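We call the chains A, B, C, D, E and F, going by the order they appear; numbering starts again at 1 in every chain.
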Amino acid sequence: MNDLLAQGVQLMVLGMGVVLAFLLILVAVMTGLSALVTRFAPDTTGNEPVAEPSPTEDTPAPHILAAIQDAIRQHRAQR
Amino acid sequence: MEQLHTLWLSTGLYQLSVGQFVMILVGLVLLFLAIRKNFEPLLLIPIGFGGILANIPVAGLAEPGGLLYLIYEAGLTTGVFPLLIFMGVGAMTDFGPLLANPRTLLLGAAAQFGIFVALLGALSLNYLGLDFSLADAASIGIIGGADGPTSIYVASRLSPELLGAVAVAAYSYMALVPLIQPPVIRLLTTEKQRRIKMEQLRPVGRLEKILFPILLLVLVALLLPDAAPLLGMFCFGNLMKESGVVNRLVDTTTNALINTLTILLGLAVGAKLGAEEFLVPETLGILVLGLAAFVIGTGSGVLMAQVMNRFSKVPINPIIGAAGVSAVPMAARVANRVGLEANPQNHLLMHAMGPNVAGVIGSAVAAGVLLNLAG
Amino acid sequence: MEQLHTLWLSTGLYQLSVGQFVMILVGLVLLFLAIRKNFEPLLLIPIGFGGILANIPVAGLAEPGGLLYLIYEAGLTTGVFPLLIFMGVGAMTDFGPLLANPRTLLLGAAAQFGIFVALLGALSLNYLGLDFSLADAASIGIIGGADGPTSIYVASRLSPELLGAVAVAAYSYMALVPLIQPPVIRLLTTEKQRRIKMEQLRPVGRLEKILFPILLLVLVALLLPDAAPLLGMFCFGNLMKESGVVNRLVDTTTNALINTLTILLGLAVGAKLGAEEFLVPETLGILVLGLAAFVIGTGSGVLMAQVMNRFSKVPINPIIGAAGVSAVPMAARVANRVGLEANPQNHLLMHAMGPNVAGVIGSAVAAGVLLNLAG
Amino acid sequence: MNDLLAQGVQLMVLGMGVVLAFLLILVAVMTGLSALVTRFAPDTTGNEPVAEPSPTEDTPAPHILAAIQDAIRQHRAQR
Amino acid sequence: MEQLHTLWLSTGLYQLSVGQFVMILVGLVLLFLAIRKNFEPLLLIPIGFGGILANIPVAGLAEPGGLLYLIYEAGLTTGVFPLLIFMGVGAMTDFGPLLANPRTLLLGAAAQFGIFVALLGALSLNYLGLDFSLADAASIGIIGGADGPTSIYVASRLSPELLGAVAVAAYSYMALVPLIQPPVIRLLTTEKQRRIKMEQLRPVGRLEKILFPILLLVLVALLLPDAAPLLGMFCFGNLMKESGVVNRLVDTTTNALINTLTILLGLAVGAKLGAEEFLVPETLGILVLGLAAFVIGTGSGVLMAQVMNRFSKVPINPIIGAAGVSAVPMAARVANRVGLEANPQNHLLMHAMGPNVAGVIGSAVAAGVLLNLAG
Amino acid sequence: MNDLLAQGVQLMVLGMGVVLAFLLILVAVMTGLSALVTRFAPDTTGNEPVAEPSPTEDTPAPHILAAIQDAIRQHRAQR
């Protein structure tokens, strides 16, 4: 039992140590990241997206294309 | 006539044990709290209902072959449900406030202290006649992480028989954060400290937000692989969101997928509310220790903020330290409300979101350590 | 050359048996009825298509390792699909009309008589050379419950080899309710009875609607645990809906989740439309008995309303008794239409919704008895 | 065979008995429920919800909060 | 102290192998291509991220019991994921342009030539010291089908250990279609040919669109049952869409369901990006052969159009032959763009959609042959 | 090895043969289908749906019916 408590204390020390250490490293990394981004890609810290919203994302399914063609056909028919 | 007897022998009235009756009442109380008191209804309605179903005699819903058992085996024995839910949580999380003020990560680290105190507390309760192994103590401690999927993931790995009590405690105390935290915050801060105004957060660009989950993943891979399942899926969800190029996947992840998994997760947790597992003295210990973990975590976060104020010129309102326990986004709102009481002009919400999401990372890291060393 | 021969040996033209050919035609007929005649297309398109897939020679889609087999094993052998679908049905059901007029529950009880007559009929057919066990007879009888998930759940538990025929009969006759019920109703009522106007239903408050699924669950737990899986999930869905605090879960349950499960359920049922299982004399018996069950259930509901009118001052239009078979909401609409024919001012729709949802409870209760005693 | 039919008849009697009995009990319970609710919580039989629609249901995700702050920041910037 | 050592021994820094490090870099490159270069992000983000997760040491996410392993076993070992995704693809496909101009099916047939050339190429590489079985060669060839679910289905059946490389090659080259195809098209056509105007497509009625998937299914059943799982599910999705009576199922199929499965499929493919499986000379061969398959498929489609123009009075713009590889809808767009360069009035998009969807059928047929004869 | 290559060549011939044959048959079937449809169901080649959009598709759930009745009740109450 005593032994279990000792293990528990060890786990607490180690656990809090790892949590603090890991998040401290993360603070350092984030600060570095922020500095790098601000230096080398400053434009992107504004509100503009990094890449133009790509027109090919979520590509319209073929049946939408079909609908477009329908519209074109009707348009031509009306002329 | 014989069949009528068969039927009578299989009624609940004949078969219901006292324990099952009590657990059905417990389930009804959870439903009441969820519906009437708005205690985390998204989880506590499925958990409470699942708990009732699990305690219906004869039906055997939580026994091999039963629906709840099957859901439990498919989703919790494998760990799939909490991990995919964590992906969904990642896809709903904005690291902007944290990136704008990285040192608030330390608040999220400090607030995990409650986890380990509760762990020690559980081991101490063995002197009072309870019987908690190191793994059990870790499962209890993680309640202090104030993060549902993390708690359920750890408990399902380390101590499945405690899962019911751990999950109920975790979600109940998350719902009670508006009652638990304010007194602790007031005890550990002065009125003047609570009035501290914080600097406007800088805007954070898209590139930083995209790189953050990737960097976090790489750090986890290099330093703490045991936290990789949880934090990996979390980062995956977050990267999908921030990338901006797979919006249809993000939409499904944060709606249909997470909702379906939430229902199933709740029912599966309910399967662990069987009378013989839940109605034991250990459960009382778990409830007490869970509350202690929340209180201590809140206090540690606040005190860490006080310590940081000693060493830094840019002041931190210590209230936001309380948000480090996570309980996203309830704890950040509580911080905001306590701040407004001290100074009606002082909106701390966004400042509290930093430590709030830091607490999610913090408890996932702690979970990694526990899974590695207490497993 | 040898490979060409191998290829030829594995073509459908070479391998197709007469039975498979007939079953592909049956599948095409189901698709025609679903698409052109609007016979329950949500179920009959997946079932019909699954039936065709199951009868493609060589491909083995319904044999161990095949897609339909896997879906069947995952969802029907376990019972998970019909139970989760029943949760979704619960989340779409409004018990308001039933709560406003509780005695219409008796109509939903009486209409289950068709189940048991069909059960006896099945056993009688053994004298004509068919071979139905008690479990088989129960699976056939439950067609009269006029409730898809309940029928499929019972048949998958008691007589998996009859599942294909039972499901096809259940959904086909549900689609045929507008043709089956009116003559039965007219036969058992006078024009004057069909003109009976019913009192406006009282509004039902939220609290009553929340408490109803909970009370129903407790009753099931105490009295008929065998019905707990079906009615438990049904009440769970309904409680989520009525609680009003988990709308996002209800939204997913009644859309993405139930739709996905409906597709998979249909394909899994199709897996049981293999020629050697379906093209047997028993199938003809099942189709005849299923129709009889619908007719008798409709008649029993109407007659029960007539009996109740003897004993009560507040009159019930006997037409709504027919809605007691369930077949939600088609039977309630049929009752409304027949009522309008007799009296164009007499809108019975909401009055018929009471027995309609009562019929769902009634057949789930009957399913519990059958699973307990015929299993 | 005869035996099977006898079992079937027994099952019919028992089954219809249980269905009728269960639903009759349910009628009684529902009537009682309705009476209790009307007596002790009469307000709720109207159209008002039992509890005010809680603002914490479906809590806005953090990224919505971020969007709100963005809006606030822009608003301040415009002044 | 001892525990600290335990912890250190389980860090990634201590355990990471060179291969794992390289594969994490490969995963990061895939993420970069997906997010920054918009390379099929819907698939390459999950695949890339899954690849990183699979190579985190100690965590064992792709080993028995790990999350990626479980997803792989549930969805790819069984073949369920690609088949259900193919159902979703069917529900998003419009066969109108193909029905309006059936002979463009031949373009979709011809473009499958790349599959078989790559297959031969793979076998030839055995002379250079690589080690590809006939099944392996078939898995590599199918990259030329330019259809993700088909490639993954075939590779998961025939050569699971090559699945990672095959899927990465397939999706990468699909994303690179705008770079790969134009030079091939220009090489094999004259400016004048590229200016050919095509006749306006006739409108296609609903009945034809409904009958088409049914007829295709029947043909598959009779002639090529080995293609039944893939084409059966494809036709099922398409029939649901065209029937117009199960819109709620189609909505879920084309959104929540296909999105969920896409995420899981990507992660499962990532599980096959383990260093020991991916970092072998064979992978280089696969990448080279995949590219060759795309180039040759594109060329075959264009040449087939040239041949057809010899025999037909109604001219076909040979550019649209390139769309026969499938890579829906990217290849059709590329054809449109190349056509506009030659003649700014010449919109080939709809004309290219015919061979484009024909290519999906063509490669599924080829997959059936490969599964039958190389399995 | 040589044997394997031979198998590959055989597979190529057979595979392309089957693909071309199957799609040629499909061309024939589609052309036939189109002819049949144009002859026997010509109206449906326009834009009108084959069957009227059925009112029973995606049947309104009971709670919608309840909402309708609520509306009716309020309407009556107002008179």
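Worth a mention:
Just so it is clear, a contact is a pair of C-beta atoms (placed from the backbone, for glycine too) under 8 Å apart; a residue touches a chain by one contact, two chains touch by 3 or more.
Just so it is clear, the structure is predicted and the values come from calculations on it, not from any experiment.
Taking the definition of touch as given, a chain qualifies here only if it contacts chain A and chain C alike; those chains are B, E. Here the chain-to-chain distance from chain A to chain D, counted in touching steps, is 2. The most distant chain from chain D, with centres taken as the mean of CA atoms, is E. Looking at C-F and E-F side by side, the one with more C-beta contacts is E-F. Centre-to-centre, using mean CA coordinates, chain B is 41 Å away from chain C.
Between chain B and chain D the centroid-to-centroid distance comes to 26 Å (mean Cα coordinates, whole Å). Centroids built from CA atoms put chain B at 23 Å from chain A. Contacts with at least two other chains are made by residues 3, 7, 35, 38, 41-42, 203, 210, 223-224, 245-246, 248, 255-256, 369, 373 of chain C. In chain A, the residues that touch at least two other chains are 11, 14, 18, 50, 54, 57-58.
With chains as nodes and touching pairs as edges, the resulting graph is of another kind, matching none of line, ring, star or complete. Every pair of chains meeting the contact definition is listed here: A-B, A-E, B-C, B-D, B-E, C-D, C-E, C-F, E-F. On the side of chain F, the complex with chain C involves touching residues 10-11, 14, 18, 50-51, 54, 56-63, 65-66, 69-70, 72-73, 76.
Contacts from chain F toward chain E in the complex involve residues 1, 4-5, 7-9, 11-12, 14-16, 18-20, 22-27, 29-31, 33-34, 37, 41, 44-47, 49-50, 53-54, 57-58.
For chain B in complex with chain C, the touching residues are 3, 6-7, 10-13, 15-16, 24, 28, 31, 34-35, 38, 41-42, 45-46, 49, 52-53, 55-59, 61, 66-67, 70-71, 255-256, 259-260, 262-263. Of all residues in chain B, those touching chain E in their complex are 78-80, 83, 210, 214, 217-218, 220-226, 228-229, 232-233, 235-236, 239-240, 243, 245-246, 248-249, 251-253, 255-257, 369, 372-373. Against chain A, the residues of chain B that register as touching in their complex are 98-99, 102-103, 105-106, 108-110, 112-113, 115-117, 119-120, 123-124, 126-127, 133-134, 137-138, 203-208, 210-212, 215-216, 219, 223-224, 244-248, 358, 361-362, 365-366, 368-370, 373-374.
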